[in-house]
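Common to both upcoming complexes is chain A, partnered first by chain B, then by chain C.
Let's look at the complex of A and B:
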């Protein structure tokens, strides 16, 4: 069935983008003369471009995971996953724009290691620890890595999408087995890049700090957010009468993934926090002390929401099949995970000066609006149910 | 009924009927044991008894008979403990996590993997107890109200969390395993001819009658237990990793430990399952149920978890440099180039390189190759723990306190002894218990059996009206 974006949805995205722009403008005009304005603006750029880019990337990862594991059930929601992954190029553009601006401003107090003063032994800003990391953290190598990540993601995205559409036309199993191999190959790249890119883009904001788990933690947060978006989009399409092959078992499975990845995220949050808190080593605890001092309520409620909401509410089978409960929990934890990224970035870049005002809300709404509009547009570009997927029959008969 | 795509390989080879499955699983239990079983059992028993002897000597003399010293206060004991706990991870992963992921191939291996898990956890539990040197006060690890004065467990210690985590894990695994066994025991009971066997199996089968009501409860409880067991798969080895990671020792204190230990545990657990299954399928004639495809799936799990472990090694190594902490960096340089370099490189070769060979389809489908790699992986995972534990300790902050660890023959005797005991248990299991979840396997016969799967439907129904 062909999908077309309803007028209501168009109106909603226009309103989101409009309100977002308005709020951003108010935010800019009211804080333009603040001492930290540039850092704050770029911090917001980085938070939102990363958050929505990561959802697109999460969808690409999830698609590759289905290919590599030869899952069957997902076939009837495959186009939904592809549509979300299709945001990736736009997310990349936004992220690259943020990173580029930051780079030209010598880090803009976000990536302090980009400031040449920090690694210049004759400067009174010289920082021995940052200088020690310069072999890895320097503008040139940072950009080489960033470009490699983005290029690899883009090529795989294009390959998956082209083969998916080609399969609709030609059928057979050859494409399936190719996807199987390419899916596994993507996972290899992703296993490395998901960690290193998290160090580059996020961990290096708190440049003195380090945690081996950081990459996996970031990845888990991104995965939950993606699952939430997939649940919301699938149930939205169902409510409009699209996706006739998707039954409540598919919704249940997406709900299970949301539940499971929330647990994964909480587990990794706890592992990182507990070990650092317990050992109480100065170099490490500073990360959490910054967050607890400046974001105490926000930080712990973020963890509470992202852990307890899915755990308590989505535990039962009935809840995972109930669209209203899923939507409610999904929206709450989506905001929760945005807050996680917000704190990850702004605690390092702005610290005590961070606040949530017109600028923060405006930018988030603006990019959320674009995100929704682009994904809905992506859905119009291919039939909503793939026709020749070898596991389609399994997926149609899916019952749990 | 669930539909299975034509391009999926069948899980049961050849033309099997429901009766064939019963016969194939029950025959080895009902017949006399083959001579080979007695030989293997004898060898395992002798080795196990040697271990018991070593333990008795240890208890009688004191733990000074181990190769420990003031700097390396923890070595083989804890290495063996973690190794065995790790091996004990596959069973629950297969029965719980793969159940939640609807992986039907698990049905061929879950029973023996769970049995293996339980025996491995027994072996693991032994080490902390004997390390106390006073086995008879082992119950002091439990927070029991007592009148011994100020004796109370330290709730801040991850070692105590271990006690809780592992005893919970053992209990849930045991219950899970046993519940699965009930219908199969009932099948054996109904076939048993000798009165003693009949009596024994009827006690074991709890009066199972096979009514729909029983099956309904059986499936419900399996799902609930799977839900309970899944967090346990994570918690046990995470808490084992806390034994090290909560400390401030360079090389031990790193945040990636919990998930990486879990991955490592699954990695070694699957390797042990491979070692056992490859022998068992042959010895017990179960080639139709546990075949190349099952081995391939397990090899993929080994490859994935091995890669996770490898990524974690490299992450640790990189961050030890990135952190700028000299002690961290030295801990890793010392591992790779210090006096224990051979242990480090043995670990790297066995755990990082060898599973990568599984990318080649002919290799991961080769039973002989799999068997070799499964042993290599188990050796590698033993070395991993040895490397983490001993190399992080042996060069203390003060060079005057530096020392080496050399195992004594008692260290060796206890360790080898546990392997013997493990096989004693496993051989007894293989002799008296249904090694395949026969009633569960029957549920996939029509959808995944080779001779049914893609056969044209002769009953004139379409696929929607199939039912078990």
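Let's look at the complex of A and C:
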């Protein structure tokens, strides 16, 4: 069945973008003369472009995971996953724009290692630790890595999408087996890049600090946000009468993924926190000291919400099949994971000067509006149920 | 009280499922189905309620959580304040983080063992218990449907057997039980 974006949805995205623009404008005019304005603006750019880029990337990863494991159940929601992954090029553009601006401003107090003063031995800003990391953290190598990540993600995305549409036309199993190989190859790249890109884009904000777990932690947050978006989008389409082949069991499975990835995220958050708390080494605990000093309530309530909400509410089978409960929990933890990214970035860049005001909310709404509109638009470009997917029949009879 | 039980044997699970659907539509109560593997979708057809094992798992988990907390508070704080890396050792709460992994493990241990034992007890399949299935072939490649006459008082035996024969059975057996 062909999908068309309803007027209501169009209006909603226009309102989101409009309110977002208005709030951003108010935020810009009221804080333009602040000492930290440029840093704050770019921090917000980085937070929102990364958060929504990551949701698209999570969908690409999830799609590759289904290909590599030759899953059957997902076939009837495949186009939903593809639509979310289809935001990736736009997310990349936003992220690249944020990173480029920050680079031209010599780090803008976000990536302090980009400031040439830091690695200049004759400067009084000279930082020995940053100078020691300069072989990896320098503008040139940073951009080589960033371009490689984005190019690899883009090429795989284009390949998956083209083959998916081709499968609709020609059928057969050849495309399926090609997807299987490509999916597994993507996972190999993603296993490395998901960690290193998290170090480059997020961990290097707190440049003195490092954690080998950080990449997985970021990746788990990305994954759970993606699963929430997939649940919300699938149930939305279902409520409009689209996706007739998607039954309770598919919703249940997506709910289970949300539940499981929430646990994965909580587990990694706690593992990182506990080890650093236990070892109590000065250079490691600074990361948490900064967060506890400036974001105490927000930081721990964010963790509590992202952990306890899905755990207690989504534990039972009936809850995972209940669209209202799923929507409620999903929206709450989506905000929770936005806050996670917000604290990840702003605790390092702004520290005590960080606050959630018009600018923060406005930019989040603005990009959320764009995000929803682009995804809905992507859905109109292909039949909502793939036509010749070899596992389609299995997916239609999916029952758990 | 004596009862008569009819055992209908099938050699295909789909045939059994279709047959069961037909019988249930006619108002027959099927008391049990024996199968070498779980038959997908048979539970709602023959009217088996969802398992409550999940609720028990939650309760066993809570038990584990509580026991671990009480135990560690006693061992590590009350009985002998343990000095590990100079952490505050006169308060459970201040050291809570260090106890989380063990609490988690003990919760999982209690939930998993509790579930397994409950499952085996409830199904009367603890090691060494006598087999429940009417025919050893149901552990190989045959499927047996059990219908009790006492649960189907509106039908007589001939009616039930006639209906069963129309569903593609391969064997029919009956037994008097006490």
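Going forward, the second predicted complex is superposed on the first by the 400 of 400 C-alpha atoms of A that agree within 3 Å, B and C clash if a C-alpha of one lies under 4 Å from a C-alpha of the other, contacts with A are read in each partner's own complex, and residues count from 1 in each chain.
In this section, contacts are C-beta pairs under 8 Å (C-beta built on N, C-alpha and C of every residue); 3 or more make two chains touch, one makes a residue touch a chain.
Since the structure is predicted, the reported quantities are computational estimates derived from the model, not experimental observations.
In the superposed model, A:195 makes contact with chain B only, not with chain C. In the superposition on chain A, A:278 contacts both chain B and chain C. By the document's definition of touching, of the two partners only chain C reaches A:316; chain B does not.
Comparing chain C and chain B on the residues of chain A they touch gives the larger count to B. When the shared chain is aligned, no partner comes close enough to touch A:300: not chain B, not chain C. In the overlay built on the shared chain, the residue A:399 is in contact with chain B and with chain C.
After overlaying the two complexes on the shared chain, residue contacts for A:268 are found with chain B alone; chain C is out of touch. When the two structures are aligned on the shared chain, A:390 is found in touch with chain B, with no touch to chain C.
Once the two complexes are overlaid on the shared chain, A:173 sits against chain B while remaining clear of chain C.
Shared contact residues of chain A, touching chain B in one structure and chain C in the other: 274, 278, 399. The part of chain A that touches chain B in the complex is made up of residues 70, 72, 129, 132-133, 136, 173, 176, 188, 191-192, 195, 199, 208, 210-216, 256, 263, 267-268, 271-272, 274-276, 278-279, 281, 283, 390-391, 393-394, 396-400.
Looking at the complex, you find that chain C touches chain A at residues 40-41, 50, 54, 58, 85, 87, 97-98, 100-101.
Against chain C, in their complex, chain A makes its touches with residues 270, 273-274, 277-278, 280, 315-317, 399. Against chain A, the residues of chain B that register as touching in their complex are 2-8, 100, 102, 231, 234, 238, 242, 245-248, 253-259, 307-308, 311-312, 315-316, 319, 322-325, 463-464.
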